[in-house]
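Before anything else, here is the set of structures, which you'll find just below.
Shared chain: chain A. Partners: chain B in the first complex, chain C in the second.
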Partner chain A sequence: MTFLAIENVGKRFGHTTALDGVSLGIERGSFVALLGPSGCGKSTLLRIIAGLETPTFGRITVDGEDITRLPPERRRLAMMFQSYALLPHMTALENVRFPLRMQGREGAAEQRRRAMETLALVGLDHLAERLPREMSGGQQQRVALARAIIAEPRVLLLDEPLSNLDARLREDMQIELQALHRRLGLTTLFVTHDQEEALSLADRVVLLNQGRIDRDATADALYDDPGTAFAADFLGAANLVPVTVEATEDGHTAILEDGQRLQLASAPGPGPRQLVLRQEDITLADPSEPGLEATIEARIFLGTRVRYLVRLGDLRLRVLAPRHLQYPPGTPVRLQIDPANCRWSREGP
Partner chain B sequence: MVGRFPPSALVLGGLALALILVFMLLPLGVVVAASLTAGQFLTFPPQGLSFRWYGDVLASEAYLSSAWTSLKVATLVTIAATVIGTAAAIGLSRRRLPGRALLAGVFLSPLVLPSIIFGIGLLIVFSIWGNGPSLLALALGHTVLTMPYVVRTVAAVLADADPAIEEAARTMGAGPVDRLRFVVLPQAKGGILAGAFFAFNVSFDEAVIALFLRTPGVETLPMRIYGQLEFSPTPAVAAVSTLMILMTILVVVAIERSLGLRKVAT
Partner chain C sequence: MPGAKGGQGLVEPIVLVTPGIALLFGAFLFPVGQILVLSVVPSGEELGAWSNFARFFADDYYLRVAWRTFRLSLLITAATALIGFPLAYAMARAPRWLAFLLLLLTVLPLMTSVVVRTFGWMMVLGRGGPVTDLLMLFGLSARSAVLLQTETGIVVAMVQVLLPFMVLTTLGVIAGIHPHLEEAARTMGAGFYRTLRHVVLPLSLPGLVSGSLLVFAISMSSFITPNLIGGVRLPVMASAIYQQAIHTLDWGFAAAQSTLLLIAVLGLLVPYLALMRRARV
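What follows is the complex of A and B.
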């Protein structure tokens, strides 16, 4: 059942359209990523949900309650800011206590006890009396996280939760966020421009492009089948090849722009199409083997694997290959593609 | 960076700096030295060394009462200018007000308008609608004059503060009053104290508006010093000026101790 519903929400700043009628239903307890390049509208959407921006049109409901016109202080949602936004003159404990203090339901002693408990949950109870400036960035973020979850918000909003951390801390925080999510079951929505962050953290990834939802799928599904040209390109995982599909005696054939032909297992019907090829589904072979004629442009060492940039006619494709393959730039190669791995873009050519 | 300048530029720069310091400090030094004279006249170099003129000042009913007047006015002005200036600065920098730029201009205009015109205007206004000049009238005039300092210092501090903190407080359930108390006022604190310091100092030694609004009952210390210089310049004038310099230094030291000057200077 939909818990947080975003119904046709749009936002214009003067003549620019930041959000162009976005609709999204989020189930209770799910962990959803809003992914997209800067300027795609993802931060605006998060701020609209938090109440920090007013939508130009549309409606937002939480648990059936319309909150579109409710000021942020009465929405009972929590947001963790990219800059953490800790109160600089208050200790970690007082920062975490702050939401309880604003609610004013318990006495000060009980508020402090709960704040301490929540600090312990993020492993920072030993730093309770520190001021934000006396803590590292990672510690400050944990305080911000504790402060966001203490008042049992209906929805937890996270703005670029991992972007300010170095590689090792990112991994720690990632594990921590997932563990917290499992433990508390908070409905969580986070914004990121980093596709790896989105795919690794979220159950569901909503890809935004120019103020619209481009794709909305599980991380697995999105990676396996980007579905749109934008998704394929933004996720960097797949190649898009414009082709013309022709029906032949033994099924279908795709004709590339440079005239090369590729046998297909199935096709959406004859006509111009966009073929989606994942970078690990293309096999490189020597020119003596069968396959599409192509030339190596560059070889990028990635550790366990190697990424090749390959010139195919006017196109440049990305290919992930095992590291033992050694094709220097300029080498002619053949590209072998299993017809079973061919996918199609949902859009037109 | 300094290492990149040629030696000639460094020498010239050093010379310029020395000249600036001389012109800033020499007049003060002359006043302090003159106050220590044992003679009858305001001269430099002093003749002999004595604290007799300090005794003279501290025993003088006229000096003490005008100092008390100045202190009362400056205290009233500091409170009023700080409250109004802080409110204006917060409104201008944190709220989306219509005509923001115009309002900012209005609040800062006393910094650039000639205070002599303002002084004449105040005199006329109070003569027509009030009972003529009074201590309250002078305090009002000084409040207008000093409020821009508070607006400037508070707005400068708020411009540097992270606006996300107030937004975060909102998402945590803080209404306008709580946000003012827990977020904005703590963020503005350095600017408020700096502005209050300026307001007090400017009011304490302001002489133009005080000249127009002076009455036999309301004579501030600068007016007293000015009158004394005009009619019978004794070294007591230098002594009282030195005391004013000392008081300023004390305030600066107190602020440095409690806050750190760097916060206030920005």
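What follows is the complex of A and C.
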């Protein structure tokens, strides 16, 4: 059952098109990431859903109700801003209480009690009387989160929820967001430009490129098969290799653009195709070994593993290798690929 | 040579502030000091040191002038704040070209002389002027209503003269309020007006307060506009002082009134500055 429906929504600013007819259905209680590079339209979409921007065309419904023309204050959605947007003249408690105050359904004492309870939920009840400027960035974000969830919004919108935090706080917040989502079951939609953030937090990732949806899949599926050249490049976890497939007597062979040949277990038939090679499925070997001829371009130390950027003809592939391998840049190597790990992209070349 | 750098670090600031300090002393503190001295020096042999002040507080006429000045200044301040705040907000949030146009319209009056603008108001408010005609047209006034030589006329003209001060001070503060705060309030269920009331207004208060102080201080001591619009029937303190100094040649009494005016304005400014200092810590 679709709870939040975005139907062919578009937005133009003068002559530039920010969103080019996006349709998206989001189930109740799901955790969805809108991923894409800056300028892809993801923030515009979030702001249109929140009611802070009017779409040029298209329709948005929540639970069957058309909210496209409703002002933001009547949509009963909540948004957490990247800058947190805490009201600087109010204490943490007053900030969290603000949505209840605007609704005005309970008395002041009850509103304060609930605000205190929500602050306790994010572990900040001991800082209730602090002003935003007297709190750290991480604490401010927790207050912003408490303020976003207190009024039981129909949809929780998060704008780059982890981007302003340092590495350790990011992990804390990530765990907290997931725990909170499990506990409250809020339909959550968040925007990010960080693929790691999207893949680790969301159960579904919607990849946007130039105002259109490029891919819409679960994190797992997207990781295994980016499907489009843009997704492969943006996610960086898998390589997309354009090849020409030829049928041979012992199966199929893929011919790379530089003429090198790769034996395949199976292929979707002859013709031009895109081969998906995950970065951890490529093995580096010395030039004396069999495999595709390539050259090391760069070596990036990642901790437990090392990422190599490898030049293969005109292509640059990412390869994730164990730490003990020591190939300095410029070294010729062989790439060994298990035919079983080859996948085919849905998109043609 | 550790001393050289320290010495040099002090010389430059002194060079920079000297012209300003000199002007302040020569053109402001010295004459004001003279007035203070003059106000307490007895005017006649038989009178005491504070006789000028005693005379002021004993005379019903001067008390009424002082009360009118104070009351009108409050009214003018309130009216400029009421008109200036929405205008400043609109300017802060308008598209660039519109904001520039509004700014130009706001600042333009400052480029013309107060005398010229006041003469304009005299034509508008006076007998046969458009305001009179309009009031008659709508039946709001049976006879030819003249706002010239009324307190209403003074307030209207003064608000126009002082509006730029209020708008410019408030605009600076509102421009510093991040639009995200208003958007956040909107998503939290506050409509446009409630967002203004709960978010923009409290955060613009420093600007509104300093604008109000500026407008109030200028209103209290303004001379040309109240004098030309109000005429002799409605003297304010500045015109009373002018009268004493130029026509009656009672410099001591004029000085005493000036001192009282200065005290009234300082009485508002000093607590404000103290408050702002505490708010910043």
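Some observations on this one:
Criterion: the second predicted complex is superposed on the first by the 349 of 349 C-alpha atoms of A that agree within 3 Å, B and C clash if a C-alpha of one lies under 4 Å from a C-alpha of the other, contacts with A are read in each partner's own complex, and residues count from 1 in each chain.
Keep this in mind: contacts are C-beta pairs under 8 Å (C-beta built on N, C-alpha and C of every residue); 3 or more make two chains touch, one makes a residue touch a chain.
Values in this document were obtained by computation on a predicted structure and should not be read as measured data.
Model built by superposing both complexes on chain A: chain B and chain C clash. In the superposition on chain A, A:G41 makes contact with neither chain B nor chain C. By the touch criterion defined above, A:P226 reaches neither chain B nor chain C. In the superposed model, A:A85 makes contact with both chain B and chain C. Looking at the shared chain after the overlay, A:P55 reaches neither chain B nor chain C. Of the two partner chains, neither chain B nor chain C is touched by A:G211. In the superposition on chain A, contact of A:R147 is made with both chain B and chain C. Under the contact criterion defined above, the residues of chain A that touch both chain B in one complex and chain C in the other are 50-52, 71-73, 75-79, 81, 83, 85, 87-89, 98-99, 102-103, 147, 151.
By the touch criterion stated above, chain B contacts chain A in their complex at residues 162, 164-165, 167-175, 178, 182-183, 186-187.
By the touch rule above, chain C contacts chain A in their complex via residues 178, 180-181, 183-192, 194, 198-199, 202-203. Within the complex formed with chain C, the residues of chain A that make contact are 50-52, 71-73, 75-79, 81, 83, 85, 87-89, 98-99, 102-103, 147, 151. Of all residues in chain A, only 50-52, 71-79, 81-83, 85-90, 98-99, 102-103, 147, 151 touch chain B in the complex they form.
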